[in-house]
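The letters A, B, C and D name the chains in turn, as written, and every chain counts its residues from 1.
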Amino acid sequence: MNKNTHIWEAEVRDYEVDLQGIVNNSVYFNYYEHARHIYIKTLGIDFYEWHLKGYELVLIHSDVSYKGSLKSGDSFCVTTNLSLISRLKFAFNQQITRKSDNKLINVAINTATCINKNGRPEIPEELAALLLKIAVA
Amino acid sequence: MNKNTHIWEAEVRDYEVDLQGIVNNSVYFNYYEHARHIYIKTLGIDFYEWHLKGYELVLIHSDVSYKGSLKSGDSFCVTTNLSLISRLKFAFNQQITRKSDNKLINVAINTATCINKNGRPEIPEELAALLLKIAVA
Amino acid sequence: MNKNTHIWEAEVRDYEVDLQGIVNNSVYFNYYEHARHIYIKTLGIDFYEWHLKGYELVLIHSDVSYKGSLKSGDSFCVTTNLSLISRLKFAFNQQITRKSDNKLINVAINTATCINKNGRPEIPEELAALLLKIAVA
Amino acid sequence: MNKNTHIWEAEVRDYEVDLQGIVNNSVYFNYYEHARHIYIKTLGIDFYEWHLKGYELVLIHSDVSYKGSLKSGDSFCVTTNLSLISRLKFAFNQQITRKSDNKLINVAINTATCINKNGRPEIPEELAALLLKIAVA
(Lines give C-alpha, C1' and ligand atoms only; values in the text may rest on other atoms or scores of the structure.)
Protein backbone atom coordinates (compact mmCIF):
# COMPACT_ATOMS: atom_id res chain seq x y z
CA MET A 1 0.00 0.00 0.00
CA ASN A 2 1.66 3.23 -1.11
CA LYS A 3 1.22 6.60 0.54
CA ASN A 4 -1.43 7.60 -1.98
CA THR A 5 -3.71 4.76 -1.00
CA HIS A 6 -7.13 6.02 0.01
CA ILE A 7 -9.07 4.04 2.61
CA TRP A 8 -12.81 4.14 3.16
CA GLU A 9 -14.32 2.18 6.03
CA ALA A 10 -17.95 1.20 6.42
CA GLU A 11 -20.24 -1.57 7.58
CA VAL A 12 -22.65 -3.76 5.67
CA ARG A 13 -26.25 -2.53 5.68
CA ASP A 14 -28.78 -5.36 5.86
CA TYR A 15 -30.67 -4.23 2.74
CA GLU A 16 -27.45 -4.89 0.78
CA VAL A 17 -27.60 -8.60 1.66
CA ASP A 18 -29.46 -10.84 -0.75
CA LEU A 19 -31.30 -14.15 -0.55
CA GLN A 20 -28.01 -16.09 -0.31
CA GLY A 21 -27.31 -14.28 2.97
CA ILE A 22 -24.33 -12.42 1.49
CA VAL A 23 -23.81 -8.93 0.12
CA ASN A 24 -25.09 -8.90 -3.47
CA ASN A 25 -22.34 -8.66 -6.11
CA SER A 26 -23.69 -5.42 -7.55
CA VAL A 27 -23.25 -3.75 -4.16
CA TYR A 28 -19.46 -4.09 -4.38
CA PHE A 29 -19.72 -1.79 -7.40
CA ASN A 30 -21.61 0.67 -5.25
CA TYR A 31 -18.87 0.49 -2.62
CA TYR A 32 -16.16 0.95 -5.23
CA GLU A 33 -17.94 3.91 -6.82
CA HIS A 34 -18.43 5.67 -3.52
CA ALA A 35 -14.79 5.05 -2.58
CA ARG A 36 -13.64 6.49 -5.91
CA HIS A 37 -15.81 9.59 -5.56
CA ILE A 38 -14.67 10.45 -2.05
CA TYR A 39 -11.07 9.69 -3.03
CA ILE A 40 -11.00 12.02 -6.03
CA LYS A 41 -12.79 14.64 -3.94
CA THR A 42 -9.80 14.66 -1.59
CA LEU A 43 -7.75 15.44 -4.73
CA GLY A 44 -9.97 18.38 -5.58
CA ILE A 45 -12.03 16.57 -8.21
CA ASP A 46 -15.78 16.71 -7.71
CA PHE A 47 -17.47 14.10 -9.88
CA TYR A 48 -20.77 15.96 -9.94
CA GLU A 49 -19.28 19.41 -10.67
CA TRP A 50 -17.47 18.01 -13.70
CA HIS A 51 -20.78 16.55 -14.83
CA LEU A 52 -22.37 20.01 -14.58
CA LYS A 53 -19.46 21.45 -16.61
CA GLY A 54 -20.19 18.90 -19.36
CA TYR A 55 -17.47 16.34 -18.60
CA GLU A 56 -18.49 12.86 -17.59
CA LEU A 57 -16.04 10.72 -15.65
CA VAL A 58 -17.02 7.22 -16.72
CA LEU A 59 -15.79 3.68 -16.38
CA ILE A 60 -14.70 1.94 -19.56
CA HIS A 61 -13.62 -1.40 -18.10
CA SER A 62 -13.84 -3.42 -14.88
CA ASP A 63 -11.86 -6.49 -13.97
CA VAL A 64 -13.29 -7.95 -10.78
CA SER A 65 -12.28 -11.00 -8.74
CA TYR A 66 -14.68 -12.24 -6.08
CA LYS A 67 -12.58 -13.77 -3.31
CA GLY A 68 -15.07 -14.01 -0.50
CA SER A 69 -18.35 -12.62 0.79
CA LEU A 70 -19.44 -9.99 3.24
CA LYS A 71 -22.37 -10.75 5.55
CA SER A 72 -24.79 -8.92 7.82
CA GLY A 73 -22.84 -7.22 10.59
CA ASP A 74 -19.48 -7.18 8.79
CA SER A 75 -17.30 -4.09 8.76
CA PHE A 76 -15.00 -3.63 5.80
CA CYS A 77 -12.54 -1.24 4.23
CA VAL A 78 -12.13 -0.29 0.60
CA THR A 79 -8.65 0.76 -0.51
CA THR A 80 -8.19 2.75 -3.69
CA ASN A 81 -5.09 3.66 -5.70
CA LEU A 82 -5.03 5.69 -8.84
CA SER A 83 -2.62 5.19 -11.73
CA LEU A 84 -2.43 6.89 -15.11
CA ILE A 85 -2.43 4.41 -17.97
CA SER A 86 -2.33 6.76 -20.93
CA ARG A 87 -3.17 10.35 -21.79
CA LEU A 88 -6.86 9.41 -21.78
CA LYS A 89 -7.16 6.53 -19.35
CA PHE A 90 -6.65 6.10 -15.65
CA ALA A 91 -7.11 3.03 -13.48
CA PHE A 92 -8.43 2.67 -9.97
CA ASN A 93 -6.92 -0.33 -8.25
CA GLN A 94 -9.39 -1.22 -5.54
CA GLN A 95 -9.77 -3.86 -2.86
CA ILE A 96 -12.38 -4.71 -0.26
CA THR A 97 -11.17 -6.32 2.96
CA ARG A 98 -13.23 -7.58 5.90
CA LYS A 99 -12.03 -5.91 9.08
CA SER A 100 -12.59 -8.68 11.65
CA ASP A 101 -10.05 -11.07 10.10
CA ASN A 102 -8.45 -8.96 7.38
CA LYS A 103 -9.78 -11.35 4.74
CA LEU A 104 -9.60 -10.11 1.16
CA ILE A 105 -13.15 -10.10 -0.21
CA ASN A 106 -12.86 -8.46 -3.59
CA VAL A 107 -10.19 -7.10 -5.92
CA ALA A 108 -10.91 -4.84 -8.89
CA ILE A 109 -9.23 -2.75 -11.52
CA ASN A 110 -11.71 -0.13 -12.64
CA THR A 111 -10.47 1.80 -15.66
CA ALA A 112 -11.95 5.20 -16.41
CA THR A 113 -11.85 8.08 -18.83
CA CYS A 114 -13.50 11.46 -19.23
CA ILE A 115 -16.04 12.11 -21.97
CA ASN A 116 -16.80 15.58 -23.33
CA LYS A 117 -20.12 16.94 -24.60
CA ASN A 118 -19.52 15.42 -28.04
CA GLY A 119 -19.18 12.00 -26.49
CA ARG A 120 -15.44 11.88 -27.19
CA PRO A 121 -12.75 11.04 -24.63
CA GLU A 122 -11.11 14.26 -23.44
CA ILE A 123 -9.37 15.02 -20.20
CA PRO A 124 -9.33 18.80 -19.71
CA GLU A 125 -6.03 20.42 -18.58
CA GLU A 126 -7.26 21.15 -15.08
CA LEU A 127 -8.38 17.58 -14.51
CA ALA A 128 -5.20 16.15 -16.05
CA ALA A 129 -3.11 18.29 -13.70
CA LEU A 130 -4.98 17.01 -10.65
CA LEU A 131 -4.67 13.40 -11.76
CA LEU A 132 -0.98 13.82 -12.56
CA LYS A 133 -0.25 15.04 -9.05
CA ILE A 134 -1.14 11.62 -7.72
CA ALA A 135 0.69 9.67 -10.31
CA VAL A 136 4.03 11.33 -9.67
CA ALA A 137 3.67 11.55 -5.92
CA MET B 1 -61.01 -0.80 -10.39
CA ASN B 2 -62.20 2.05 -12.62
CA LYS B 3 -61.44 2.40 -16.30
CA ASN B 4 -58.53 4.72 -15.58
CA THR B 5 -56.67 2.12 -13.59
CA HIS B 6 -53.21 1.52 -14.97
CA ILE B 7 -51.72 -1.95 -14.60
CA TRP B 8 -48.03 -2.81 -14.73
CA GLU B 9 -46.96 -6.44 -14.56
CA ALA B 10 -43.52 -7.74 -13.71
CA GLU B 11 -41.66 -10.47 -11.86
CA VAL B 12 -39.41 -10.33 -8.82
CA ARG B 13 -35.70 -10.12 -9.62
CA ASP B 14 -33.55 -12.08 -7.18
CA TYR B 15 -31.33 -9.10 -6.30
CA GLU B 16 -34.46 -7.43 -4.89
CA VAL B 17 -34.83 -10.16 -2.28
CA ASP B 18 -33.10 -9.57 1.04
CA LEU B 19 -31.72 -11.73 3.82
CA GLN B 20 -35.22 -12.57 5.10
CA GLY B 21 -35.90 -14.25 1.74
CA ILE B 22 -38.52 -11.66 0.81
CA VAL B 23 -38.51 -8.58 -1.40
CA ASN B 24 -37.01 -5.74 0.62
CA ASN B 25 -39.53 -3.07 1.64
CA SER B 26 -37.70 -0.29 -0.18
CA VAL B 27 -38.15 -2.18 -3.46
CA TYR B 28 -41.93 -1.71 -3.30
CA PHE B 29 -41.19 2.01 -3.57
CA ASN B 30 -39.16 1.29 -6.68
CA TYR B 31 -42.06 -0.66 -8.14
CA TYR B 32 -44.53 2.10 -7.27
CA GLU B 33 -42.29 4.79 -8.76
CA HIS B 34 -41.82 2.91 -12.02
CA ALA B 35 -45.56 2.23 -12.25
CA ARG B 36 -46.31 5.94 -11.72
CA HIS B 37 -43.81 7.03 -14.35
CA ILE B 38 -45.06 4.70 -17.06
CA TYR B 39 -48.66 5.55 -16.12
CA ILE B 40 -48.23 9.31 -16.46
CA LYS B 41 -46.28 8.75 -19.67
CA THR B 42 -49.41 7.16 -21.17
CA LEU B 43 -51.13 10.44 -20.26
CA GLY B 44 -48.50 12.45 -22.11
CA ILE B 45 -46.54 13.45 -19.01
CA ASP B 46 -42.83 12.63 -19.15
CA PHE B 47 -41.32 12.84 -15.65
CA TYR B 48 -37.82 13.51 -16.97
CA GLU B 49 -38.82 16.13 -19.56
CA TRP B 50 -40.60 18.12 -16.87
CA HIS B 51 -37.43 17.90 -14.79
CA LEU B 52 -35.45 19.35 -17.73
CA LYS B 53 -38.02 22.17 -18.03
CA GLY B 54 -37.44 23.02 -14.36
CA TYR B 55 -40.47 21.35 -12.82
CA GLU B 56 -39.96 18.51 -10.37
CA LEU B 57 -42.76 16.05 -9.80
CA VAL B 58 -42.16 14.96 -6.22
CA LEU B 59 -43.84 12.93 -3.53
CA ILE B 60 -44.90 14.79 -0.42
CA HIS B 61 -46.49 11.93 1.51
CA SER B 62 -46.71 8.14 1.46
CA ASP B 63 -49.12 5.96 3.40
CA VAL B 64 -48.09 2.34 2.99
CA SER B 65 -49.60 -0.86 4.36
CA TYR B 66 -47.54 -4.04 4.12
CA LYS B 67 -50.02 -6.92 3.75
CA GLY B 68 -47.76 -9.71 2.59
CA SER B 69 -44.43 -10.45 0.95
CA LEU B 70 -43.19 -11.23 -2.52
CA LYS B 71 -40.54 -13.92 -2.93
CA SER B 72 -38.08 -15.14 -5.54
CA GLY B 73 -39.98 -16.30 -8.61
CA ASP B 74 -43.18 -14.38 -7.89
CA SER B 75 -44.95 -12.43 -10.60
CA PHE B 76 -46.98 -9.44 -9.51
CA CYS B 77 -49.02 -6.55 -10.83
CA VAL B 78 -49.07 -2.94 -9.68
CA THR B 79 -52.31 -1.05 -10.19
CA THR B 80 -52.30 2.74 -10.15
CA ASN B 81 -55.13 5.28 -10.03
CA LEU B 82 -54.73 9.01 -10.01
CA SER B 83 -57.01 11.45 -8.19
CA LEU B 84 -56.76 15.20 -7.79
CA ILE B 85 -56.89 16.28 -4.17
CA SER B 86 -56.49 20.02 -4.53
CA ARG B 87 -55.16 22.57 -7.00
CA LEU B 88 -51.61 21.60 -5.99
CA LYS B 89 -51.84 17.99 -4.87
CA PHE B 90 -52.63 14.72 -6.59
CA ALA B 91 -52.70 11.22 -5.16
CA PHE B 92 -51.66 7.92 -6.68
CA ASN B 93 -53.64 5.06 -5.18
CA GLN B 94 -51.49 2.02 -5.75
CA GLN B 95 -51.61 -1.68 -4.98
CA ILE B 96 -49.30 -4.62 -5.50
CA THR B 97 -50.93 -8.03 -5.99
CA ARG B 98 -49.24 -11.42 -6.41
CA LYS B 99 -50.42 -13.03 -9.60
CA SER B 100 -50.36 -16.73 -8.64
CA ASP B 101 -53.07 -16.40 -5.97
CA ASN B 102 -54.23 -12.80 -6.37
CA LYS B 103 -53.01 -12.03 -2.82
CA LEU B 104 -52.82 -8.36 -1.94
CA ILE B 105 -49.20 -7.63 -0.98
CA ASN B 106 -49.05 -3.89 -0.51
CA VAL B 107 -51.39 -0.89 -0.57
CA ALA B 108 -50.19 2.70 -0.79
CA ILE B 109 -51.43 6.22 -1.23
CA ASN B 110 -48.59 8.26 -2.65
CA THR B 111 -49.37 11.97 -2.70
CA ALA B 112 -47.43 14.23 -5.04
CA THR B 113 -47.04 17.81 -6.13
CA CYS B 114 -44.97 19.76 -8.63
CA ILE B 115 -42.18 22.09 -7.51
CA ASN B 116 -40.94 24.99 -9.64
CA LYS B 117 -37.39 26.37 -9.86
CA ASN B 118 -37.93 28.50 -6.77
CA GLY B 119 -38.78 25.42 -4.76
CA ARG B 120 -42.47 26.40 -4.53
CA PRO B 121 -45.39 24.13 -5.40
CA GLU B 122 -46.72 25.07 -8.84
CA ILE B 123 -48.57 22.97 -11.37
CA PRO B 124 -48.18 24.58 -14.80
CA GLU B 125 -51.32 24.89 -16.98
CA GLU B 126 -50.25 22.21 -19.41
CA LEU B 127 -49.61 19.68 -16.66
CA ALA B 128 -52.83 20.61 -14.84
CA ALA B 129 -54.79 20.04 -18.04
CA LEU B 130 -53.30 16.58 -18.50
CA LEU B 131 -54.00 15.63 -14.89
CA LEU B 132 -57.54 16.97 -15.06
CA LYS B 133 -58.34 14.77 -18.02
CA ILE B 134 -57.96 11.73 -15.81
CA ALA B 135 -59.84 13.11 -12.91
CA VAL B 136 -63.00 13.85 -14.89
CA ALA B 137 -62.83 10.78 -17.06
CA MET C 1 -35.57 14.11 21.66
CA ASN C 2 -35.72 11.80 24.67
CA LYS C 3 -32.79 9.95 26.15
CA ASN C 4 -33.67 6.81 24.19
CA THR C 5 -33.26 8.51 20.85
CA HIS C 6 -30.80 6.69 18.66
CA ILE C 7 -28.77 8.73 16.16
CA TRP C 8 -27.08 7.39 13.05
CA GLU C 9 -24.96 9.71 10.95
CA ALA C 10 -23.88 9.17 7.35
CA GLU C 11 -23.31 10.90 4.05
CA VAL C 12 -25.09 10.57 0.73
CA ARG C 13 -23.44 8.18 -1.73
CA ASP C 14 -23.66 9.35 -5.33
CA TYR C 15 -25.27 6.13 -6.56
CA GLU C 16 -28.23 6.94 -4.30
CA VAL C 17 -28.94 10.11 -6.25
CA ASP C 18 -31.35 9.80 -9.18
CA LEU C 19 -31.97 11.64 -12.42
CA GLN C 20 -33.59 14.57 -10.60
CA GLY C 21 -30.27 15.18 -8.84
CA ILE C 22 -31.70 14.25 -5.44
CA VAL C 23 -31.59 11.13 -3.30
CA ASN C 24 -34.25 8.75 -4.63
CA ASN C 25 -37.26 8.33 -2.32
CA SER C 26 -36.74 4.61 -1.91
CA VAL C 27 -33.29 5.28 -0.44
CA TYR C 28 -34.82 6.97 2.61
CA PHE C 29 -36.37 3.58 3.35
CA ASN C 30 -32.91 2.06 3.14
CA TYR C 31 -31.61 4.67 5.58
CA TYR C 32 -34.51 4.10 7.96
CA GLU C 33 -34.10 0.32 7.85
CA HIS C 34 -30.38 0.48 8.56
CA ALA C 35 -30.98 2.95 11.43
CA ARG C 36 -33.61 0.62 12.92
CA HIS C 37 -31.36 -2.43 12.68
CA ILE C 38 -28.36 -0.80 14.35
CA TYR C 39 -30.65 0.74 16.95
CA ILE C 40 -32.27 -2.53 18.01
CA LYS C 41 -28.85 -4.16 17.97
CA THR C 42 -27.77 -1.73 20.72
CA LEU C 43 -30.77 -3.10 22.65
CA GLY C 44 -29.58 -6.66 22.20
CA ILE C 45 -31.94 -7.49 19.34
CA ASP C 46 -30.27 -8.89 16.23
CA PHE C 47 -32.66 -8.73 13.27
CA TYR C 48 -30.93 -11.54 11.43
CA GLU C 49 -30.59 -13.89 14.42
CA TRP C 50 -34.32 -13.63 15.05
CA HIS C 51 -34.86 -14.48 11.39
CA LEU C 52 -32.71 -17.61 11.84
CA LYS C 53 -34.77 -18.54 14.92
CA GLY C 54 -37.93 -18.33 12.80
CA TYR C 55 -39.20 -14.91 13.85
CA GLU C 56 -39.45 -12.17 11.25
CA LEU C 57 -39.45 -8.57 12.38
CA VAL C 58 -41.49 -6.88 9.67
CA LEU C 59 -43.05 -3.53 8.93
CA ILE C 60 -46.82 -3.41 8.75
CA HIS C 61 -47.28 0.29 8.06
CA SER C 62 -45.29 3.37 7.04
CA ASP C 63 -46.40 6.98 7.23
CA VAL C 64 -43.82 9.12 5.47
CA SER C 65 -43.66 12.89 4.91
CA TYR C 66 -41.14 14.18 2.38
CA LYS C 67 -40.07 17.65 3.60
CA GLY C 68 -36.97 18.24 1.53
CA SER C 69 -34.27 16.51 -0.47
CA LEU C 70 -30.73 15.33 0.11
CA LYS C 71 -28.16 15.88 -2.62
CA SER C 72 -24.70 14.69 -3.60
CA GLY C 73 -22.24 15.62 -0.86
CA ASP C 74 -24.83 16.05 1.91
CA SER C 75 -24.26 14.60 5.35
CA PHE C 76 -27.34 13.69 7.35
CA CYS C 77 -28.47 12.10 10.58
CA VAL C 78 -31.31 9.69 11.17
CA THR C 79 -32.93 9.77 14.61
CA THR C 80 -34.97 6.81 15.80
CA ASN C 81 -37.29 6.38 18.79
CA LEU C 82 -39.17 3.24 19.66
CA SER C 83 -42.60 3.14 21.28
CA LEU C 84 -44.86 0.19 22.08
CA ILE C 85 -48.32 0.59 20.63
CA SER C 86 -49.90 -2.64 21.70
CA ARG C 87 -48.93 -6.15 22.77
CA LEU C 88 -48.12 -6.96 19.14
CA LYS C 89 -47.13 -3.65 17.56
CA PHE C 90 -44.29 -1.23 18.04
CA ALA C 91 -43.56 2.02 16.23
CA PHE C 92 -40.29 3.54 15.14
CA ASN C 93 -40.54 7.32 15.02
CA GLN C 94 -37.80 8.36 12.63
CA GLN C 95 -36.47 11.57 11.13
CA ILE C 96 -33.79 12.47 8.64
CA THR C 97 -32.07 15.83 9.06
CA ARG C 98 -29.42 17.45 6.86
CA LYS C 99 -26.39 18.31 8.95
CA SER C 100 -25.17 21.48 7.22
CA ASP C 101 -28.27 23.52 8.06
CA ASN C 102 -30.24 21.20 10.33
CA LYS C 103 -33.06 21.11 7.77
CA LEU C 104 -35.66 18.41 8.33
CA ILE C 105 -35.71 16.24 5.21
CA ASN C 106 -38.03 13.39 6.06
CA VAL C 107 -40.31 12.25 8.90
CA ALA C 108 -41.69 8.75 9.23
CA ILE C 109 -43.60 6.50 11.57
CA ASN C 110 -42.70 2.93 10.71
CA THR C 111 -44.88 0.44 12.55
CA ALA C 112 -43.64 -3.11 12.99
CA THR C 113 -44.59 -6.48 14.39
CA CYS C 114 -43.01 -9.91 14.69
CA ILE C 115 -44.29 -12.87 12.66
CA ASN C 116 -43.78 -16.48 13.71
CA LYS C 117 -43.25 -19.52 11.50
CA ASN C 118 -47.00 -19.90 10.98
CA GLY C 119 -47.21 -16.39 9.61
CA ARG C 120 -49.05 -15.13 12.71
CA PRO C 121 -48.04 -12.06 14.74
CA GLU C 122 -46.22 -13.21 17.89
CA ILE C 123 -43.68 -11.38 19.98
CA PRO C 124 -41.72 -13.95 22.01
CA GLU C 125 -41.12 -13.26 25.74
CA GLU C 126 -37.45 -12.51 25.29
CA LEU C 127 -38.07 -9.99 22.54
CA ALA C 128 -40.98 -8.40 24.41
CA ALA C 129 -38.77 -7.95 27.48
CA LEU C 130 -36.09 -6.18 25.43
CA LEU C 131 -38.63 -3.90 23.77
CA LEU C 132 -40.31 -3.13 27.09
CA LYS C 133 -37.03 -1.93 28.56
CA ILE C 134 -37.04 0.97 26.14
CA ALA C 135 -40.67 1.82 26.55
CA VAL C 136 -40.45 2.28 30.31
CA ALA C 137 -37.02 3.91 30.32
CA MET D 1 -25.54 -15.71 -31.66
CA ASN D 2 -25.89 -19.49 -31.33
CA LYS D 3 -29.12 -21.33 -30.75
CA ASN D 4 -28.48 -21.50 -27.01
CA THR D 5 -28.42 -17.75 -26.63
CA HIS D 6 -30.94 -16.58 -24.08
CA ILE D 7 -32.53 -13.17 -24.56
CA TRP D 8 -34.15 -11.07 -21.86
CA GLU D 9 -35.83 -7.81 -22.80
CA ALA D 10 -36.72 -4.97 -20.48
CA GLU D 11 -36.86 -1.21 -20.17
CA VAL D 12 -34.90 1.16 -17.96
CA ARG D 13 -36.66 2.13 -14.74
CA ASP D 14 -36.06 5.75 -13.75
CA TYR D 15 -34.78 4.86 -10.27
CA GLU D 16 -31.91 3.03 -11.99
CA VAL D 17 -30.68 6.29 -13.53
CA ASP D 18 -28.14 8.27 -11.52
CA LEU D 19 -27.09 11.90 -11.25
CA GLN D 20 -25.24 11.73 -14.60
CA GLY D 21 -28.58 11.00 -16.28
CA ILE D 22 -27.50 7.48 -17.25
CA VAL D 23 -28.12 4.03 -15.81
CA ASN D 24 -25.69 3.53 -12.92
CA ASN D 25 -22.93 1.02 -13.63
CA SER D 26 -23.92 -1.25 -10.75
CA VAL D 27 -27.35 -1.69 -12.35
CA TYR D 28 -25.84 -3.52 -15.33
CA PHE D 29 -24.76 -6.15 -12.80
CA ASN D 30 -28.35 -6.37 -11.64
CA TYR D 31 -29.50 -6.85 -15.23
CA TYR D 32 -26.86 -9.50 -15.86
CA GLU D 33 -27.72 -11.38 -12.66
CA HIS D 34 -31.42 -11.42 -13.43
CA ALA D 35 -30.72 -12.57 -17.02
CA ARG D 36 -28.51 -15.40 -15.70
CA HIS D 37 -31.11 -16.54 -13.17
CA ILE D 38 -33.98 -16.69 -15.63
CA TYR D 39 -31.71 -18.33 -18.20
CA ILE D 40 -30.58 -21.16 -15.92
CA LYS D 41 -34.17 -21.57 -14.77
CA THR D 42 -35.13 -22.43 -18.35
CA LEU D 43 -32.45 -25.15 -18.07
CA GLY D 44 -34.04 -26.53 -14.91
CA ILE D 45 -31.61 -24.88 -12.51
CA ASP D 46 -33.22 -22.81 -9.77
CA PHE D 47 -30.62 -20.56 -8.15
CA TYR D 48 -32.57 -20.29 -4.90
CA GLU D 49 -33.40 -23.99 -4.58
CA TRP D 50 -29.71 -24.86 -4.89
CA HIS D 51 -29.03 -22.32 -2.15
CA LEU D 52 -31.57 -24.08 0.08
CA LYS D 53 -29.86 -27.43 -0.68
CA GLY D 54 -26.55 -25.94 0.50
CA TYR D 55 -24.97 -25.14 -2.85
CA GLU D 56 -24.21 -21.56 -3.71
CA LEU D 57 -23.84 -20.56 -7.33
CA VAL D 58 -21.42 -17.65 -7.13
CA LEU D 59 -19.41 -15.43 -9.44
CA ILE D 60 -15.66 -15.68 -9.18
CA HIS D 61 -14.70 -13.19 -11.87
CA SER D 62 -16.20 -10.45 -14.03
CA ASP D 63 -14.69 -8.81 -17.07
CA VAL D 64 -16.86 -5.89 -18.08
CA SER D 65 -16.53 -3.39 -20.93
CA TYR D 66 -18.70 -0.27 -20.82
CA LYS D 67 -19.41 0.69 -24.44
CA GLY D 68 -22.27 3.12 -24.01
CA SER D 69 -25.01 4.21 -21.65
CA LEU D 70 -28.68 3.53 -21.23
CA LYS D 71 -30.99 6.43 -20.37
CA SER D 72 -34.49 7.03 -19.07
CA GLY D 73 -37.00 5.55 -21.51
CA ASP D 74 -34.58 3.15 -23.21
CA SER D 75 -35.54 -0.44 -23.90
CA PHE D 76 -32.76 -2.98 -24.03
CA CYS D 77 -32.04 -6.66 -24.36
CA VAL D 78 -29.57 -8.81 -22.48
CA THR D 79 -28.18 -11.83 -24.31
CA THR D 80 -26.60 -14.67 -22.36
CA ASN D 81 -24.57 -17.68 -23.47
CA LEU D 82 -23.15 -20.31 -21.20
CA SER D 83 -19.88 -22.16 -21.76
CA LEU D 84 -18.08 -24.67 -19.59
CA ILE D 85 -14.49 -23.67 -18.89
CA SER D 86 -13.40 -26.52 -16.65
CA ARG D 87 -14.89 -29.16 -14.39
CA LEU D 88 -15.52 -26.44 -11.79
CA LYS D 89 -15.98 -23.24 -13.75
CA PHE D 90 -18.51 -21.98 -16.23
CA ALA D 91 -18.72 -18.64 -17.99
CA PHE D 92 -21.70 -16.52 -18.91
CA ASN D 93 -20.98 -14.42 -21.99
CA GLN D 94 -23.39 -11.53 -21.73
CA GLN D 95 -24.21 -8.40 -23.69
CA ILE D 96 -26.60 -5.50 -23.27
CA THR D 97 -27.91 -3.85 -26.43
CA ARG D 98 -30.18 -0.82 -26.77
CA LYS D 99 -33.24 -1.72 -28.82
CA SER D 100 -33.93 1.58 -30.62
CA ASP D 101 -30.66 1.57 -32.58
CA ASN D 102 -29.16 -1.82 -31.75
CA LYS D 103 -26.20 -0.08 -30.08
CA LEU D 104 -23.99 -2.31 -27.95
CA ILE D 105 -24.01 -0.86 -24.42
CA ASN D 106 -22.11 -3.39 -22.35
CA VAL D 107 -20.19 -6.64 -22.80
CA ALA D 108 -19.28 -8.96 -19.95
CA ILE D 109 -17.82 -12.35 -19.22
CA ASN D 110 -19.09 -13.44 -15.84
CA THR D 111 -17.37 -16.59 -14.60
CA ALA D 112 -19.05 -18.67 -11.94
CA THR D 113 -18.63 -21.78 -9.84
CA CYS D 114 -20.63 -23.66 -7.24
CA ILE D 115 -19.59 -23.70 -3.57
CA ASN D 116 -20.61 -26.46 -1.17
CA LYS D 117 -21.36 -26.16 2.55
CA ASN D 118 -17.66 -26.40 3.40
CA GLY D 119 -16.93 -23.41 1.23
CA ARG D 120 -15.19 -25.55 -1.41
CA PRO D 121 -15.93 -25.49 -5.14
CA GLU D 122 -18.10 -28.49 -6.01
CA ILE D 123 -20.52 -28.98 -8.84
CA PRO D 124 -22.92 -31.79 -7.91
CA GLU D 125 -23.68 -34.45 -10.58
CA GLU D 126 -27.18 -33.22 -11.21
CA LEU D 127 -26.07 -29.66 -11.77
CA ALA D 128 -23.13 -30.73 -13.93
CA ALA D 129 -25.48 -32.76 -16.12
CA LEU D 130 -27.77 -29.77 -16.66
CA LEU D 131 -24.85 -27.48 -17.48
CA LEU D 132 -23.35 -30.04 -19.84
CA LYS D 133 -26.54 -30.24 -21.86
CA ILE D 134 -26.02 -26.65 -22.96
CA ALA D 135 -22.35 -26.96 -23.67
CA VAL D 136 -22.74 -29.83 -26.11
CA ALA D 137 -25.93 -28.59 -27.70
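We adopt the following convention: contacts are C-beta pairs under 8 Å (C-beta built on N, C-alpha and C of every residue); 3 or more make two chains touch, one makes a residue touch a chain.
Keep in mind that this is a model prediction, so the values were computed, not measured.
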Contact-richer chain pair [A-D vs A-C]: A-D
Chain at maximum distance from subunit A, centres defined as averaged CA atoms: B
Distance from the mean Cα position of subunit D to that of subunit C, given in whole angstrom: 34
Cα-centroid distance, subunit A relative to subunit D, in whole angstrom: 23
Between subunit C and subunit A, distance of the C-alpha-averaged centres to the nearest whole Å: 29
Subunit A, residues touching no fewer than two other chains: 14-15, 19, 24, 26, 30, 33, 48, 72
Pairwise touch network: line, ring, star, complete, or other: complete
Interface residues, subunit C side, partner subunit A - complex: 13-15, 30, 33-34, 37, 46-48, 72-73
Contact footprint of subunit B on subunit C as seen in their complex: 19-20, 24-27, 29-30, 33, 48, 51, 56, 58-66, 69
Contacting residues of subunit D [partner subunit C, same complex]: 14-15, 17-19, 21, 24, 26, 72
